[in-house]
Amino acid sequence: MELTLQHKDTLALLAIIAVASPLFAGIVNALFLPKQSKLSAWVSTITILVSFVLSGWIFSQQWNQLSTHIQTIWFTIGYLNIPIGILLNNLSVLMLLLVSAIALPVHIYSMAYMKGDERYTRYFAYLSFFCFAMLGLVIIDNLLLLYAFWELVGFASYLLIGFWFTRERAVQANKKAFIMNRIGDVGLLIGILLVYSQFHSFDIEKLFGGSRGIAPNTILLTITGICFLCGAIAKSAQFPLHTWLPDAMQGPTSVSALIHAATMVAAGIFLLGRVYPLFNTEVLTIIAITGCFTAFMAATIALTQNDLKRILAYSTISQLGFMVMGMGVGAYSSSLFHLATHAFFKCLLFLSAGVIIHQMSHLKHKHHLNIDPQSILYMGGLRKLMPVTFITCCVAALALIGFPLTSGYLSKDGILIQSFDWAHGKGWAYSIIPIGAMLTSLLTTFYIARLIFKVFLGQSRLKHIDASIEPEAHEGDWRLSLPMVLLALCSLFPLFSFNPFEFNNVWLVKGFTTTSLIDTIHHSPFSFHLWVPVIINGVGLLVIYLAYAVYAKQSVHWFKQKGLLFNISFNQWYIDNFYNGVIVKLVLIIGKALYWFDQHILDGFVNTLGKVGIALSKISAWFDRYIIDGLLHLITDIVKQAGNFIRGFQTGKVQNYLFTMLFIILVVYVLKTFI
Amino acid sequence: MNIDQVLFCVMGFVALASALLVAISNNLVRSLFMFFVTLFALAGLYVFALADFVAVTQVVIYVGGVLVLMLFAFMLSNKEVLNNLQQSNSKFISVGKLPAILVAVLFAIVLVNAILKAEPDALQWVKASAQSNNVIKPTDNTINNIGINLMTRYLLPFEIISVLLMMTLIGAAHLARREEHKL
Amino acid sequence: MNILTLLIFSPILFGLIILMLPAGYRNIFRYLTLFATLLQLGISIWLYLNFKTGAAYAGVANEGQYQFVEKLHWIGLNLGGMGRMQIDYFVGVDGISIILLLMSSVVMVIAALSSWEINKNHKGYFALFLLLDVAITGVFCSLDFFLFYIFYELMLLPLYFLIGIWGGVRREYAAIKFFLYTLFGSVFMLLVMVGLYFSVKDPATGNHTFNMVQMMNPANYDSGSIFGILSHRLLFGIPARTVGFIVLFIAFAIKVPVVPFHTWLPDAHVEAPTPVSIILAGVLLKVGGYGIIRICLGIFPEVALNGAFWIGLLGVVSILYGALNALAQRDLKRLIAFSSVSHMGFVLLGIASNTAEGMSGAMMQMVSHGFLSSMLFYLVGVIYIRVHDRDIYSFRGLGTMLPKYTVFIMIAFFASLGLPGFSAFIAEAFSLIGAFNSKTIPVWMAVCGSVGILLSATYFLWTLQRMFFGDTRLKGGDAWKLALTDLGKREILALVPLALLTLALGIMPSLVFDKINDSVLALIQFIQVK
Amino acid sequence: MITLSNFLLIGAGLFCIGIYIILSKRNAIQVLIGIELIINSAILNLVAFGKYDKVNNAGQAFALFGIVLAAAAVAVALAIILNVYRQYKTIDPTKVEKLKG
Amino acid sequence: MDSLGYFMPELILSVLFILVFVTDLIFGKTSGRICRSISIGGLLVVIYKVLWQLVLLSNSKGGAAYLFGEMLQLRRTEVFFKLIIDVLAIIILLYVPWDKALRAHFKGLADLYSIIIASVLGLHIMVMAVNLLSIYVSIEMVSIASYLMVAYRSDTPVTTEAGMKYVLFGAVSSAIMLYGISLLYGFSGSLDINDATFIHNLSIANPVSVSLAIVLVMVGIGFKLSFVPMHFWVPDVYQGAATPITAYLSTLPKIAAFGLFINFLTPFISYGTWSAFDFRLFLSVIGIITMIVGNLAAIWQTNIKRLLAYSSIGHTGFALMALATFSQQGVSAILFYLLVYAVANVGALMLTSYFVNKIGAHDLDSYKGVGLRYPLPSVCFVIILISLAGLPISAGFNAKVMVFSSVYQIYDINHNIWLLALMITGAATTVISLFYYIKIPLYLFLKRNEHHAEDQLLTHQYLLISICLISLFVLIAGIFPQFFNIPIN
């Protein structure tokens, strides 16, 4: 069906309202409300609800329609009109819906989570501001403004990471985050300007709309593409600019859930999607490699972390790596799909982590324990204490693993399968990528299982510290659990497809395969669709068991066994030990190594970059003081000395004067006449 | 070589020699007297240049005026000046005086060079006046001509000089006048 | 009475009143000055609103297209043999000047507001302040080179005294350095000016003329005159016009300031009292940029075109060099001073690009830097007034103590590190766009320029984190805790407009671009034609 | 025959000696003598050339003026020197050097 | 004879001289005031007469008159020179008793007035002289008058020292000049420099000898103009002499000497085939060196008068630049420049003596923080210094522009590299000069001073008023120079 023009206008108008309402909330909160007013939370939540509803409606109208593109002239420079406008196509409306859909529960959650913070209002102001920026980012139609919102998003995350700005680490983290993002931004800016200097337009529709197919492999285009990639890398924490994300966990957990799991970090993927036609095969390959490597590395690192949020952060990085890789291998639709699914379950994981940490710190204060509430080493046995959290968490974990019947299954398999397709017949070197991805997903399974078991199964390790403690914990009020439940439901397959096993007939994927023309999947003769999932889940189960064996019943000796192991056949625990002794150790060592690498080499690299900057600045300062300014002083001194020299003739003895005078006269005369 | 050339040479020699002595002697009195001699010699030379009136004026004003004035000054600036002049460097050539000698010699070279280059006797106007016998003969008396010129052609300087002398008188008197402060 | 004349000379009136009054009435002085600046602001807003746009009012090299023109015979000197030296009082504005005019009058108001802190010898201070005001306004209005030069020089002496008398510890050094440095440039400018005068003939009267607009028209140059375009005269083996351009450029580059002519700036800024630093950074630096655009490019377009590479190079060097230096400073004011060097580099880059985007970006950058630097220096002044210390290391966690202040400083910092939504973003973006599209400067310069943005982020964030975040620790201890009160009403009154203006310009750049667009286009065409 | 150059050379000699005296003597009065010598050398030139200027008598007239002016100058100079002597108790020009630099 | 008609001002001057002298004799030492008023009145009459000469000239043929058998030459230029001289003379006459040191002079000031009048007469002659004899006589007259003035206060060491240095230096240079003149006479056979035979004979005589003669003559003129290397006396004498006398020395003889110099140069320039001595080269080199030397040496001075002395040397160099153009506008530029310079310099010296009177401040150090206590005179000081430095908006700036433009015009015609060098040096030295000019405001306003020298309770409102008037003049001539711009021909 064809949308009437007037209808388009209303759509656009509504979209603008949807974007602007959080801004309104932000301004209200920032300027007019007192420091701690419950009202502020409601204002923000309602506005985001509004934009959620609107975007839902827009989505329903716009999905699978010809894109709506409304624009007006912003200002004129020279003969060039800079337009401002909105572009609604599948991608943008999807993101619109997604962002608001994630933001809404997070808002609700935050109400409870941030209770009692002395800058409550400010928090919600920031949050709304972020939502505004994010929503604006997804619907805006020209690259210049895209960049603008891109930066605003970064700014908002800067504010939120450093929300507790009295904490030194938080401040360090937000500085780091902003600057590393700035690096990417500069890349993006250069990219945009390069595009402009080639095509003389900022208009996304004009540039990338319509069928252009794969871009040619010109050097300039490659550079441009890499610049854009650079922007994406920084935003969605890809190697080597990913180190800011783990640190960013200093912010409130709800923030981490919204920004650093679901939305902002996805902006990078979104950007790649937005300008996809720009990339030529070279760039795409680079993208794929980057993504794959990041995914693998992050996953391995996640294996050995003990800080709950850090684990999640690394897992996020790894999942984003998946998506990037997907983009690279041409699994455009699947990676966007994975973006969507991942948004839900990762957000969910963070929220539940938030609850758990909340409880732990509660315990900590209660018993005056000297523990890090985020460390999973002190958790355990929370299953009985907080069942809701446990269940939701499990759902999310399964989704992350890509267990059948979850949304994750669909999206992840999509990416994997297409990567195999992509690599197929390209020579062995290419097939490293799908295999790496495969391994990664197994590792993912392992670390998430580890997390679940450590946190929920077994019994509380607090007892090791102080036996007297009777750890009691409970779900928070409904405002905490409700969002989690909602998200958990969203993490299951029905939301996306009624066939839990075939990603191709997921409506979302379809939407993109229909609209976007760059799904370059040449279906290979023997179907990966069959065995990739099989392997994944088969091995996955093993791994889960392994993890269970390792972490859930670590304290078990062979002569007094209980529980599960006892029921299992007798000598299998050799295998256990075998696993335990060899593979796990190995993996763990790799993980440790990589973490070390991450901390010292990569981060160290970034820091050294900073140091180099500082050193340069010192040098230039020195140069400024002693060379340039010194030159100035030198000149003045020369002048002065000359003056002094001349003054030297003024001896006060009249005959010396006469002598000098006569002598000079003679010299002048002689020079004048005889030369 | 007739007599007046001889005389001229003698006069010139005397003038230069005495001037040199003035330069050499550190004794103020002696140098003054040597200067006295120089002036007389110069007057003689003026006579040779057929400027007898100038010669007379020279004698009157310089010898009668300037020199006496200097003597006065010397008397007024009393003894110990003399002493510290005495023990000051007595040699004609000394390191302190080398610059002076240098400049003097340089000037000598430059001047002599210039004079010889100019060939004064071959100057055009000199020749011309020689032809148009605009030259002063030893026989004719120039004084009344000078007088007339002073009253006509050189009237202005003449008058100005009078004012100048008057001013000088006032000024010198003012300076020399000894008064005790009455403040 | 021409409106511009009124605008220029109204402060003198108040200055005289102040001089008449006995020295006691400090408040009256303050309010008089404030009123004077406000009056000026009013007038220039009126000008801005009534400023006609459109190709017919582009100005630049076309005398008829200037607006609010007043042209009077001023000086007629008899030079004996070769006629008279005719100098006009000739003022007028086009798109390029109107914006800077408005900006400077806003800044002057802010400076007047911040002059409340002046604590000694008010009479002299405010008199000089107003004199300076006259000079600045005059520079932007005058279209006669002689007049321009006079105003240009007239700025120096008041500044010398303002820095020297009311300045900080090393004020004497700073004042003298500033004075000699800037004068050095302008004295040689005088020679070029005279040279131009004798090279140019007014076609109407046939006399030589100082009229800048006439100087821009190559047809007006005498054949064989030293700066004549056709007569390729050499000075020291270099084409005379190149020499002239270089001399003028250096003169203005010192004002801008361009590395390596910048060393007066940090000292002057650090030692100057707050209002003076505001004026220095806000207006004076723009005089340099304005001079380059109006005079160097206007009169020697072809040289500028050929020398674009070098101009751009200087620009890039200034951007990076200034930023790096800023990174190394521990005196807050010095840091901001160097950041000005870095930011003004973009102006040069934009100018060098010789594209409409770049030129507009440069103009925008001048305006936005005018507001931002005023804001920054004002904020520094606030702290300095409280505790007489500017060392970054002696503050920590001010965020909790001075929330309002922190808000403003964050706005100022993020605005000037080019956060979208603020004017600096538009300005820098378009300078860079110009640089990227330019045919006259290579792309790597543009890239380096963008790196400059990154650097600016680093030093501002570092400062922010170092001074304002973390838990409070002050060098001065509790004494400072008492001293450091949050912003007062007047201070907020001064800061809010600036913040709003930068925001407004960031969201509606058309406020500026609409006015300058025609002139910029005309200028670009003018240059390209040559 | 007495040529002009003879006069001029003698004048030159006197001039140089005068210069020497001026530069070398440590007594203001002697310096004055040196100056007088120079003036006299000049007068000698004038007179010598004046011989060829019967009508105007420029040379001789100038010579007369020169003599008179010299006398006047000397008078003033001596008066000043006397004052110096009163103040400094010396007339050595090299010892009178309060003003310098 | 009609010479007298054109000679009225000078006649009046001589009468005035007698008058003053007689009153001095009659009333004795107390007669200072009367003499002063008489001489000022007389000078006013003289000015009137000088102005009257403009009318006379306008209806005389060729706008030029030659008096006393080619002794003197009178054209508009000379008249304007005389005018400037007389005006300044009046200012200085007014100024004399305002100086504390001079007022305290126990021998009275009466003689000084008569000397000044006589010197003014000499200056008039000097400006007009076109005959070697009159040139020499007038120079001597002015010199001797100056010696007397410098040494006038015979009761302080520095004064007498300055006097001695001045007289020795002056006598030597005038003697050398006399020798040069004698040579010139010898080579040309004539004393009248406008006489065709004079220049012709010189041009055919041997250039080596002629240029020696000219160089020697230059010594005398240079002594009056005090350009390098004849500048050595300047700092010592300016510092040593009483301030009003310094004002006199730094202005009047200099201006007159420029007038003389112009007249002296004219025949050589106008004579077509003159090659013996390249005056333009000579002047350019001298000018450049003088500018550099004067300004550089001034940087180190701490004594205000000495500082101004060096700066005046620099100014001479700058004026020489305009002289090197040999053009009408060059001359008018010089006139304007000298007028402005002279007035400003007198003003500066007035301020010096003002501060000396008030707080006995001779050195920069004693100026510390004075500006805030005596705002009005200090502000005037700043204005005057601006003018001396040649910054807008002040008369000095316009003067500089005029000089530059006159030089530039000639440069544009004949691309003489020396003129360019002159201009560049001029600009550079302007910056250098600010090194020390700015010092005075620096000490006045910027430097703090705790222990003030308590000021004498003398009232100097006349001095102050005239200072203000001068600074006002400087400003007005800065904004509307055409009022003071002197139209030659």
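By letter and in written order, the chains are A, B, C, D and E; residue numbering begins at 1 in each of them.
In the analysis below, contacts are C-beta pairs under 8 Å (C-beta built on N, C-alpha and C of every residue); 3 or more make two chains touch, one makes a residue touch a chain.
No experiment lies behind these values; they were computed from the predicted model shown.
J.: Along touching chains only, what is the step distance from chain A to chain D?
T.: Steps on the shortest route: 1.
J.: Through how few touching steps can chain A be joined to chain C?
T.: When the steps are counted carefully, the minimum from chain A to chain C is 1.
J.: Measuring centre to centre with C-alpha atoms, which chain is farthest from chain A?
T.: Farthest chain from chain A, going by C-alpha centroids: B.
J.: Which pair, A-E or B-E, has more C-beta contacts?
T.: Here the pair linked by more C-beta pairs in contact is B-E.
J.: Report the chain closest to the protein's overall CA mean, measuring from each chain's own CA mean.
T.: Chain closest to the assembly's C-alpha mean: C.
J.: Can you check how far apart chain D and chain E are, centre to centre, with Cα atoms defining each centre and the answer in Å?
T.: 26
J.: Counting in whole Å, what is the centre-to-centre distance of chain A and chain B, each centre being its mean C-alpha position?
T.: 105
J.: Using the average of all C-alpha atoms in each chain as its centre, how far is it in Å between chain B and chain D?
T.: 6
J.: Could you tell me the distance, in whole angstrom, between the mean C-alpha positions of chain C and chain E?
T.: Comparing mean C-alpha positions, chain E is 43 Å from chain C.
J.: Among the residues of chain B, which ones contact at least 2 other chains?
T.: Answer for chain B, listing residues that touch two or more other chains: 99-100, 103, 107, 110-111, 115, 119-120, 125-126, 129, 153-154, 157, 161, 164, 168, 171-172, 175.
J.: Which chain D residues sit where two or more other chains touch them?
T.: 4, 8, 15, 18-19, 22-24, 31-32, 43, 48-49, 52-53, 56, 59, 61, 65, 69-70, 72, 76, 79-81, 83, 93, 96-101 - these are the residues of chain D that touch more than one other chain.
J.: Using the touch rule from the top of the page, what pairs of chains touch, sorted by label?
T.: Between chains, contact exists in these pairs: A-B, A-C, A-D, A-E, B-D, B-E, C-E, D-E.
J.: Once bound in the complex, which stretches of chain A touch chain B?
T.: These residues of chain A touch chain B: 659, 662-663, 666, 669-670.
J.: How about chain C: which of its residues touch chain A in the complex?
T.: My answer: residues 177, 181, 259-260, 262-263, 321, 324-329, 355-357, 360, 397, 399-400, 414, 419-421, 425, 429-430, 432-433, 436-437, 446-447, 450-451, 453-455, 457-459, 461-462, 464-465, 468-471, 508-510, 513-514, 517, 520-521, 524.
J.: Under the stated contact criterion, what part of chain A meets chain C in this complex?
T.: Those residues of chain A that touch chain C are 74-80, 144-145, 147-149, 151-152, 155, 162, 165-168, 171-172, 175, 178-179, 182-183, 185-186, 189-190, 193-194, 196-197, 610, 613-614, 616-621, 624, 628-629, 632.
J.: Give every residue of chain E touching chain D within the complex, in rising order.
T.: Those in contact with chain D are residues 132-133, 136-137, 140, 143-144, 147-148, 151, 154, 156-158, 160-165, 167-168, 171-172, 174-176, 178-179, 181-183, 185-186, 189-191, 235-236, 239-240, 300-301, 306.
J.: What residues on chain D touch chain A, complex-wise?
T.: Listed in rising order, the residues of chain D that touch chain A are 19, 22-24, 31, 93-94, 96-101.
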